[in-house]
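Each of the two complexes below includes chain A, the first together with chain B, the second together with chain C.
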Partner chain A sequence: MSVVTLTINDQLVSASSGETILQAARSVGIDIPTLCYVEGLTAHGGCRMCLVEVEGARQLQPACFLNVNEGMTIRTETDQLREYRKMIVELLLAEGNHTCSICVANNNCELQDAAVEMGVDHERLEYTYPQREVDVSHERFGVDHNRCILCTRCVRVCDELEGAHTWDISGRGANLKMITDMNQPWGESPTCTSCGKCFMACPTGAIFQKGSTASELDHNRAKLDFLINARENQLWEL
Partner chain B sequence: MTGRNGDRIKLATVWLGGCSGCHMSFLDLDEWLFELAMFADVVFTPLVDIKEYPEHVDAVLVEGAVANEDNLEFIRLVRERSKWLISFGDCAVTGNVTALRNPLGDPLTILERSYIELADVNPRLPDEPDILPPLLDRVEPLHRVVHVDAYIPGCPPPADRIRKSLEAIRDGRLPKLEGQDIQFG
Partner chain C sequence: MDLTELENIVTKEAADRKPCEIRCCIAAGCLSANSNDVLSTLRTAVEDSGMADRVNVVGVGCMRLCSQGPLVGVDIDGPLYCRVTTDNASSIVATLNGGQGEAETFEREDPFFAKQTSLILKNCGCIDPERIESYIATGGYRALHQALFELAPSDVIETVTRSGLRGRGGAGYPTGVKWATVAKNSGERRFVVCNADEGDPGAFMNRSVLESDPHRVLEGMAIAGFAIGANQGYIYVRGEYTLAIERLNKAIKQAGRMGLLGTGVFSSPFDFRIDVRIGAGAFVCGEETALMASIMGQRGTPTPRPPYPAEHGLWGMPTLLNNVETFANVPDIIRNGAEWFAEIGTPQSTGTKVFCLTGNVVHNGLVEVPLGTPLRTIVEEIGGGVPNGGQIKAVQTGGPSGGCIPQEHLDSPVDYESLGKIGSIMGSGGMIVMDDQTDMVDVARYFMEFCMDESCGKCIPCRAGTVQMKQLLSRIVDGSANRADLERLEKLCDMVSRTSLCGLGQTAPNPTVSTLRYFRDEYESRLIDSTTAKANSNGATCQ
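Take a look at the complex of A and B:
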């Protein structure tokens, strides 16, 4: 792979040609916020938190999907991007039912962290208050669709890391919903191995461990990182 | 000590569709309440028995969402008579627990579920005209109903967050919280 040089926020950055802007930026300590992205899983490009400005391009581009190119000039921190990221968080909050005070993920939620980071002190949009279900048929886990931000992390981790492909997406637009197998209760899933990787990957309180309270809930993302590192780099030592 | 212009600040607190937890947290200011008393007159609050909301209030902290017709009428009066109206706690800012009924349908469906279907004895809908205010179709956060000048999130907001906001008001500034101070829940 050849090495390319590009400019990110006035800083010269070298990266290998196969890398994305997100990887190149993070490798030099420039953080671009993400919600649906998980290092080591296929990029999804769904949440749009990682949008960046590319000089010469008319549209903003998701950094998780944009490959580096020789001579590119990228901006990751502009007033416009900050405003858009704030709006994205507000859109996510408005389209689900996110009552943080009763959420098992409280203080352990990436959506909440993003809201704090983006300066969301209230919601400018009208809440839609959708009527959504909670499925607690699984022996160890539950899924509260009210908290789901449709990031598909559960789908990708279950498919790509566990190899079970229990999770999928059904519906379109506002009817989008995460389903297990053929849209049957999770507890009746013939494919789920109960490994808990979807729970570890979920950024919000949508997938939770049964019996844990807000203070006990820990998604244990480090375990997921370990598994991904082990798979990609064949490093299995703890 | 007094407010910025040497005048004492006329402060109010109001309780709409909330559990009073935000007001309990206000009392958690403990001895700082003495400091507060040095620069502010609390001219209206559910913690004492004042019947009428006064005119020319400098700042009011409003707890709770707008859930019934009384809330709606009162918040409009409060807005008219106050310079700064501050959303106090998650119910005021987002609807929070008070708004949990919104996804379930209209008020009648919810009242029937609570007072008839789930009643052990004496199933009947609460109905006391002029005493019990009718529920609004949908619980709304304050800023969807009146103009709100500042926000103090939290369920309830911790006392130090309330204190920061009151210190800003003392110094003649609108509170503008950031970082962990704007965490919900």
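Take a look at the complex of A and C:
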């Protein structure tokens, strides 16, 4: 694999030709915010948080998808990008019912982190207050669709790491919904192995472990990293 | 099948032709107005009048004047009868014996027909779309033969490039360049895909071509397959187009049986198979990456580009994706040459374009004109303007991705660049005329609601942004919005168009942006602060 050199935020960066902008940036300590991205899973490109400016390109490009190229010039932090990211977080907060003070993921939530990071101190958009359900039919886990940001991390981790493909998406637009198997209660799913990977991958309090209080909840993303590293690099040590 | 057999079919068709032909439109528009019954009534009337040996009654594709259907034409230049019913159909047959036709007629010399130039629609309304012989009699499949036996694949691509043909799906990308890119990309296989997932409100160009002249599209696809080295083609048609699907399947079978598709086309080493894939009616599946996902049996959602389909398309292979009308142009370009095509239209936008003229206009229907024709010619002369002497306020082009062109820009030529300059796009060819009674904010809200309903939901700006924009537009329509809401709407328009994943979201704000550009006063006059200010200036008490 050849090595290419590109410029990210005026910094010269070398990267392997198969890498994405996100990987190249993070490898040199430049952080690009993401919500739907999980290292090791297929990129989704839906949250648009990782959009970057590519010199010479008309459109903004998602860093999680765009591969590095020799001589590229990228900007990951501009006033415009910061404003767009802030609006994305605001759109998410207005779309579902997110009340941090009564959420099991309070202080352990990537949407909350993003809101703090982007400086969302108040909501400029109208809340839509959707009527969404809470499914606690599973013996160990529950899903609160009000907290779901439809990032599909659960779908990808269940399909690509666990191999069960219990989770999927139904509907479209504002009616998009995560479903288990044929849109049946999670507790009745014949394919779910109760492995908990979806819970670990969930960025918010949408998928939670029963019995956890807010102070106890820990998504423990490290377990996913361990599994991905083990499979990709055959390193099974903790 | 070889050239001689093809010629034999042409000769036999000419020999079988009866002196008089009564054509009845059996495309979807007229069918919905009962034209099938009109067709059988005409057939019975011909039988009963004893003229069966010299009069042929044939079901044909779209005769363009869709709002006046069912349409019945006597020969190509004879009278064209409108709104024909089963009650007055037999009187049309009686006219052949000197009787009086009871159905109203439409003048062939009317600008609606006289100002049009037919390339793609040349056979529509003339041939029987359900008989391959009917297409062959017009010279059909000769271009495919010519490509296979007289040209190299690179010659075909060069001809298409020189013709200046640009993608008729709306973006106007040079077709020859796209073909060359796919041909140059390496892959074990290559694919040709025809995008027939027409979903713009007020657009039915592709449907009409598929229902009226399906072989033209198949021939264009086969030529493309030969040019880029593909053996498999797919036509992705939306499920609502049942008649188009039925006729396409029939056409594919007929062409296969004659050796014009399938293994060894024209007994040459070139194999080309075409399959129909039916979409479930999601607007986003017209976007190329979502369309390909759907063809592969996955959920029809887009993926970021690059990589483009030309490099990484169906099953990771180089894939050529063109619109129905783009393929429909190809046989004529091969047959008549690149220079012939390049002379039609403007230097940058060559050829013709089919538009669906709808809305507040006298003549609703299909219109084909050379690119560069002034918008005024299309809506005022061909379309006959607004009924009952009303004034045109704006013309919406390009569907939900397009924009509203105000009356003062009606003299703009209709080509890719000119429309872009005035804030709209060609799109696939929908053209909605609006009169001076039209509420432009409500129009913007309608298109936003359409995009909101059709958003696949994958990316947040499109999924949640369209909801917020639609709510803001509703508040402006209702008169409950203030200036800050309007500013918020404009910011959202910018953000959604810049950050959305695919064309649906990127262009969803266009109707709003263009109406804001030309009809801003309609927005501002409804804002709470402006009505309050007006009330105050009138001396009313502010509550």
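The definition used in the following text is that the second predicted complex is superposed on the first by the 238 of 238 C-alpha atoms of A that agree within 3 Å, B and C clash if a C-alpha of one lies under 4 Å from a C-alpha of the other, contacts with A are read in each partner's own complex, and residues count from 1 in each chain.
In this section, a residue touches a chain if its C-beta (ideal position, glycine included) is under 8 Å from a C-beta of that chain, and two chains touch if they have at least 3 such contacts.
Everything numeric in this text was worked out from a predicted model, so none of it was measured.
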Touching partner for A:G173 - first (chain B), second (chain C), both, neither: second
Touching partner for A:G45 - first (chain B), second (chain C), both, neither: second
First, second, both or neither for A:S137, with chain B first and chain C second: neither
Partner chain in contact with A:Q23 - chain B first, chain C second, else both or neither: neither
Partner chain in contact with A:E126 - chain B first, chain C second, else both or neither: both
Which of chain B and chain C A:Q61 touches, first, second, both or neither: second
Dominant contact partner of chain A by residue count, chain C or chain B: C
Partner chain(s) touched by A:V116 [first = chain B, second = chain C, both, neither]: first
Common interface residues of chain A - those touching chain B in one complex and chain C in the other: 126
Residues of chain A that touch chain C when the two form their complex: 44-48, 51, 59-62, 65-67, 83-84, 87-88, 91-92, 94-95, 124-126, 128, 149-150, 169, 171-176
Complex interface listing, chain A residues touching chain B: 97, 99-103, 106-107, 112, 115-116, 119-123, 126-127, 129-132, 146
Residue ranges of chain C touching chain A (in the complex, touch as defined): 282, 284, 299, 303-304, 306, 452-461, 463-468, 471, 488, 491-492, 495, 498-501, 506
Chain B residues touching chain A - in the complex, by the definition given at the top: 87, 90, 93-97, 99-100, 102-104, 138, 141, 143-144, 148, 151, 153, 155, 177-180, 182-185
